[in-house]
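Read through the structures below before going on.
What follows is subunit A paired twice: with subunit B in the first complex and subunit C in the second.
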Partner chain A sequence: MPNETSLNHQQDASMETESTRMVRGIRRRKLIDLIFAFTGMGLVTLALTVLALLLGQLVRDGHSRLTSGHFVKRDGFAPSIRELVGQLVPNTGNGKVGWLLRREPFEIIDASDVLDEERLEQLIDQQVDLICDLPPTASRFVEADSLEAVIDSDFVRFQRDRIRGRLFRQRDSWWIDPLPLPLDLSEVDVDSAAQAGQPVAISIGLKRDFPLQVRTLEPLVFQNFFMAMPSREAERAGIKPAIVGSVLVLIVTMLLSVPFGIAAGIWLEEYGRKNWLTALIEINIANLAGVPSIIWGLMALGLLVYYFGLGRGILTAGLTLALLVLPIVIMATREAIRAIPNHIREASYACGATKLQTVQFHILPYSLSGILTGSIIGLSRAVGETAPLITIGALTYIPFLPEFSLSRPFAWLQSGFTVLPIQMFNWISRPDHAFHENAAAAGMVLLVLTLSMNAVAIVLRCRLRKKIKW
Partner chain B sequence: MLRRGIRILGRSPFELFVEALLCLAGVSSIVITLGIVGILLYESSGFFSKVSVWEFVSGTEWTPLFADAKYGILPLVCGTIITTFVALFVAIPMGTIIAIYLSEYASHSVREIVKPALELLSAVPTVVYGYFALLAVTPFLQTFVPNLPAFNMLGPGLVMGLMIIPYVSSLSEDAMRAIPMYIREGSYAMGATKLQTAIKVVVPSAISGITAAFILGISRALGETMIVAIGAGLQPSFTIDPREPAATLTAYIVQVSLGDLPHGGIGYQSIFAAGLTLLLITLGFNIAGYILRKRFREAY
Partner chain C sequence: MNSTTAKEANPADTQSGDVPISFSRQDGTSGLAANSGSTPSGAQISLKAEVKSLDFWYGAFHALRNIQLPVRQNLITALIGPSGCGKSTLLRCFNRMHDLYPNTRYSGEIVLHPQNINLLANEMDAIEVRMRISMVFQKPNPFPKSIFENVAYGLRVRGIRRRSLIEEKVENAIRGAALWDELKDRLHKPAYDLSGGQQQRLCIARALAVDPEIVLFDEPTSALDPIATGRIEDLMHELKQRVTIVVVTHNMQQAARVSDYVAFMYLGQLIEMDRTEKIFENPSNKLTEQYITGRFG
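The block that comes next holds the complex of A and B.
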């Protein structure tokens, strides 16, 4: 570098002394050094910032789904289109004893196309009759056909496609706040006093005159994203079967991979002699860890599903992921065992312990936290793994949970299932943007799951490093 | 008395039994490998009994599920390679510079924080990255890349690059830190700066470990499935323009698996042929990396 500088400045050389040139060269090199250090720091910051921005978008898209929810009947199904949904309130006005059904305001869609904006402005806060295309049930939207000011102030007859209520405007959209419907609950066999103020779904009889003759009345329960089954409607879809599936598959994966991986690791480190076989196994395991996950899926499809006929249930999924995680567990086990110094083993042998006793009372306990760290990281990868489960044909629409019964305690292993990442993939693949919100929410749950597993592993590793000093 | 004596001296049957069990677990990894290679070869042989190998490796159209089926793997290989290139374009420079920074410049405490933080990048599930590719990065790119379709190879490639950074940086850094201090000190004593030392002394000495890190990154990018299946589309096309949509080998396997193909048909066998191709490409890179590593290995 100093030579180059001197070459470049050959003409000036006469004017400069040797030492100022050197000082300038050193300064330049130090500056470049500093620039590089800042580049490195900047790139770290850039990578983490991009990740933070992306996660921010995920939270922005998905957080509303996590907190919001919807009402369903006790059997878990949504109210049908023949039912009206609302709050049951006692009618205390003008001395009559009776009940009212108070419905939530509906947002009017396409109002600007069908209806004249100027006329709507005049009707704000007045009573209107809205003729709508869609029957207003549990949906929060109505598609307007026409809208008229109310002429006679009394209810005459109930029509499903006509909502009478107050028109109002919220932000850019038009809303209608329906008048409470007077109900006649004499035919219904429920203690309506206990239902006061509660959300209910009612169906009405043929008699459409007021008050409405209620045929059935069912209480509704609030159901959030975590407790809901998948659904064709994005707002009603949830991740209950996906969470249950993920947990069950993870349990199977853990039970199969961790003991097996530890056993293999112990054998390779403590029992296997250094010969061609152990060398081959060593290379083999390192290569297996690099096999793309989709190849594991193909192996599972060809061998487990078709050759061994294990079906496409939770057992196959758990086994596939267990095989995928196995190299990670084996390598973690070996590393943890290798960190134990030889004098521990020798001391144990000197006391007369057999090899198994040495492993059981010294090697395994001392390496356990290292093994656990590696296993947790492996399992967190299994939780987020999607591709191999798609190839074995994990279904995406699972509106049921695996059955548990004492007479057939292992039947759930054969049950069809879905897991969080597959449910998320399914929602991403839909063109409807409402489902993308579901996908973001599922992604948040998945991230919390995997990142918390990773955090546990990191904490475990740090504690281990501080604690053990040979 | 005698039996007890024997027990103390020799191994008890129980010990032998446990050892046999452990040995079985150890050897099973070879069985698993044989299972993978076996099933891929078996199903692929069914595929190649119907399709000539030459058509497979030279054809430029891949339409195995159409009535007029064509079995040229090149479009899928091309999609795989292009997305991998885009990813490496991000991951290798960034990963290497970060590794040099962490190993040569950063203080101990900075390294202890940054390393686990970077590992978060690879801990995020790939399906979540797929969401980012389709719904965050591609819309962002569309603001300054004109006529970028919703499905393209650029967005998923960039996201994949982000995901791979820790694979490259972490292993490279380990390799650089394994270089003994006296080698650096020799360089400093000659008046070299940290950067000169890093580039002219540390990196060449650690090159075998750095190559291993690159190879790991390449393998991850080649085999990555969900990001490209979500973000790059499922339509095989023979193009090298990263702005266009294309299917990769892995995305094709996902696409077929999502449908319900009968077992034993040519569509079913074709995903194993695609899988075998992917495995061979990955293996090729790994062998190349192994040879490079052997050639450049320097022991201290």
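The block that comes next holds the complex of A and C.
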């Protein structure tokens, strides 16, 4: 009996240790699980933080350029350096002249070192005359030759090279808020009443007398970052040709790659027999999708530009990017078609349909969401491509748009072009920091473009998918 | 699955433990002459189709061996047999579904009467075959389109454009599949919103819409519950008036319930083919008897 009880005890003890060991084991495994979960969560947080920082920097650098703009003449060019820019207002006070030109405050740049800070302090909020070498122009900076308090109120001596206005200080810089400039509009053939309150550019006559004689008066329009041509001045430079170029190249790419890619994918999946040749093609298409884009650029340069002589225009660019996107479209098509269950095909064929009818009524409609998603993601990759387009010789500075005319409807295909990433690259490679802001702003536009394309892809997928279930 | 007919089988025969693998293959054409006197309907039975010396290969695999099978007009012929015996393969020879896949090969003939054309001939277009012979599949497989479009599809692929004609034929087909009262108000709703049994009857309507000569049923109720199964079986009985039916089934009670003739297949061969009562009550082949009494399969 004692033997038996001790045996039972031993058994109990061993069972106890067994269960405690099990509990310990579970605890250990759960701990490892927890560590893994926390590590993963931390890494995801880190990644999101880095992403937010990157985006934040882009927005910080670029946002001001997206909202700012400048005035240009109707022909798109900025007023010349000899022209005065301001708002045309009717003169109500003085009966002698009918019109005044109200200008924005100028920042004073003390190039000749004529300004004395202490004297300036005394002149704050007083009427001063700023004498400058050149007439103060469209630019908001003036170089001071001398600055003096207004001695007399004699408007006769008021000259075009002189700004009379109120001196004020903003942060560390000195500004002058000019008095409205009296204008003699008798010589210009303009409906001045219609221009009242509008921004105008004025080129002035030779006489330096009062009121300022006006030779020409041109209305100005506001031009923002999106509508401006590239320029040597960062503030005036815009992305209009880059956006137009990107869109046109994208259209050509889409028209070339999507139909051919879908057709190729359908042929490979539905028509092509499964043998070593199609297997080889399949492997090669997968490989082609991974070929570095600059290789495509080199190939396009040799084949399309030099051999076929297609030029370095939008057509060549579209073809190059189409080659780049084609494997992606083919693979997306094949994936989407493979997702269609075979019983749908059999049902269609059993009704007496031909292959084309099966494709037309079933395969294509049911796989369209996947095909479009894949194609759009491929195209959004093409939008961001720089290397192959630089290789084929895309221009980096084009102050013009491709030619559109009904008599030569395809002339634009041969036109020189630039695209957003190339424009960005061009700006970044300049030393002036102001251009880097432009690049950041263009980067935001590019990012929005690609993200919205992807969003369209997602929406399409959801919309089309909702109707189809097996 | 021991069928009720097993009780009626001769107990003396089921005593023998080992399965004799010696087949006495029945010649279908000669069998027809012997049986034609006592068909279930009693009327004169004509042949709708006839499988003659059919062999079929999947690549190197010899799936069907020398099949002889008569298919009687306006009757239901059931193909039974254990899994992998080739009954679905045989069924899919009728509408040449095997043509869709590479490495398949036929030899022999399936003759369609009364035109007396060989469905398997090279010069016979598989699409024409499928226009004459419809098929209902194992899993309900409506298209992800509306109910109307599902049924109209067979007409549309034939190039029929007239809306009134399509509507009329669709209605007739849906009525034929005993679905009209349930579906007449929701013809343009997606077919996938229907229940499994309704989907399968919709597939039958789709097969009927094109006025086929033969409808092939490939285990049409294996994915359905007993009530839906019962409806499909009733429907098959009604359809006999209009078309000839060949049905593959795993379920021997079903074969006993719906069919007029039963063909038992084993390992790619047709073992026995006879009237349903004969097969289930007094099979002439030992293997058939062992199968229907649940000894194997």
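In this text, the second predicted complex is superposed on the first by the 407 of 470 C-alpha atoms of A that agree within 3 Å, B and C clash if a C-alpha of one lies under 4 Å from a C-alpha of the other, contacts with A are read in each partner's own complex, and residues count from 1 in each chain.
Keep this in mind: a residue touches a chain if its C-beta (ideal position, glycine included) is under 8 Å from a C-beta of that chain, and two chains touch if they have at least 3 such contacts.
This is a predicted model, so every value here is computed, not measured.
K.L.:
Of the two partner chains, subunit B (first) and subunit C (second), which one does A:K274 touch, if any: first, second, both, or neither?
P.N.:
Touch status of A:K274: second partner only.
K.L.:
So, A:A350: does it touch subunit B (first), subunit C (second), both, or neither?
P.N.:
In the superposition, A:A350 contacts subunit C only.
K.L.:
Using the touch criterion from the header, give the chain among subunit B and subunit C with more contacted residues in subunit A.
P.N.:
Of subunit B and subunit C, the partner in contact with more residues of subunit A is B.
K.L.:
First (subunit B), second (subunit C), both or neither: which does A:G205 touch?
P.N.:
Neither: A:G205 stays clear of subunit B and subunit C.
K.L.:
Quick one: is A:K30 in contact with subunit B, with subunit C, with both, or with neither? Answer first, second, both or neither.
P.N.:
The first partner, subunit B, only.
K.L.:
By the touch definition at the top of the document, which applies to A:A264: first (subunit B), second (subunit C), both, or neither?
P.N.:
Once the two structures are laid over each other on A, A:A264 reaches subunit B alone.
K.L.:
Which subunit A residues are contacted by subunit C in one complex and by subunit B in the other?
P.N.:
352, 354
K.L.:
Touching subunit A in the complex: which residues of subunit B?
P.N.:
Going through subunit B, the ones touching subunit A are 8, 11-12, 14-15, 18-19, 21-23, 25-30, 32-33, 35-36, 39-40, 42-43, 94, 97-98, 100-102, 105-106, 114, 116-121, 123-128, 130-132, 134-137, 162, 165, 193-196, 216, 219, 222-226, 229-230, 250, 253-254, 257-258, 263, 271-272, 275, 278-279, 282, 286.
K.L.:
Enumerate the contact residues on subunit C facing subunit A in the complex.
P.N.:
For this pair, the touching residues of subunit C are 95, 97, 100, 102, 127-128, 130-131, 134-135, 137, 139, 141-144, 153-154, 156-158, 190, 192, 203, 206-207, 210.
K.L.:
What does subunit A use to touch subunit C in their complex?
P.N.:
Those residues of subunit A that touch subunit C are 273-274, 341, 343-354, 357, 361-362, 366, 467-470.
K.L.:
Write out the stretch or stretches of subunit A touching subunit B in their complex.
P.N.:
Touch list, subunit A to subunit B: 1, 29-30, 32-33, 36-37, 39-41, 43-44, 46-48, 50-51, 53-54, 57-58, 61, 260-261, 263-264, 266-268, 271-272, 277-278, 280-281, 284-285, 287-288, 290-299, 301-303, 306-307, 323, 326-327, 330, 352, 354-356, 380, 383-387, 390-393, 421, 424-425, 428-429, 436, 439-440, 443, 446-447, 450-451, 454, 458.
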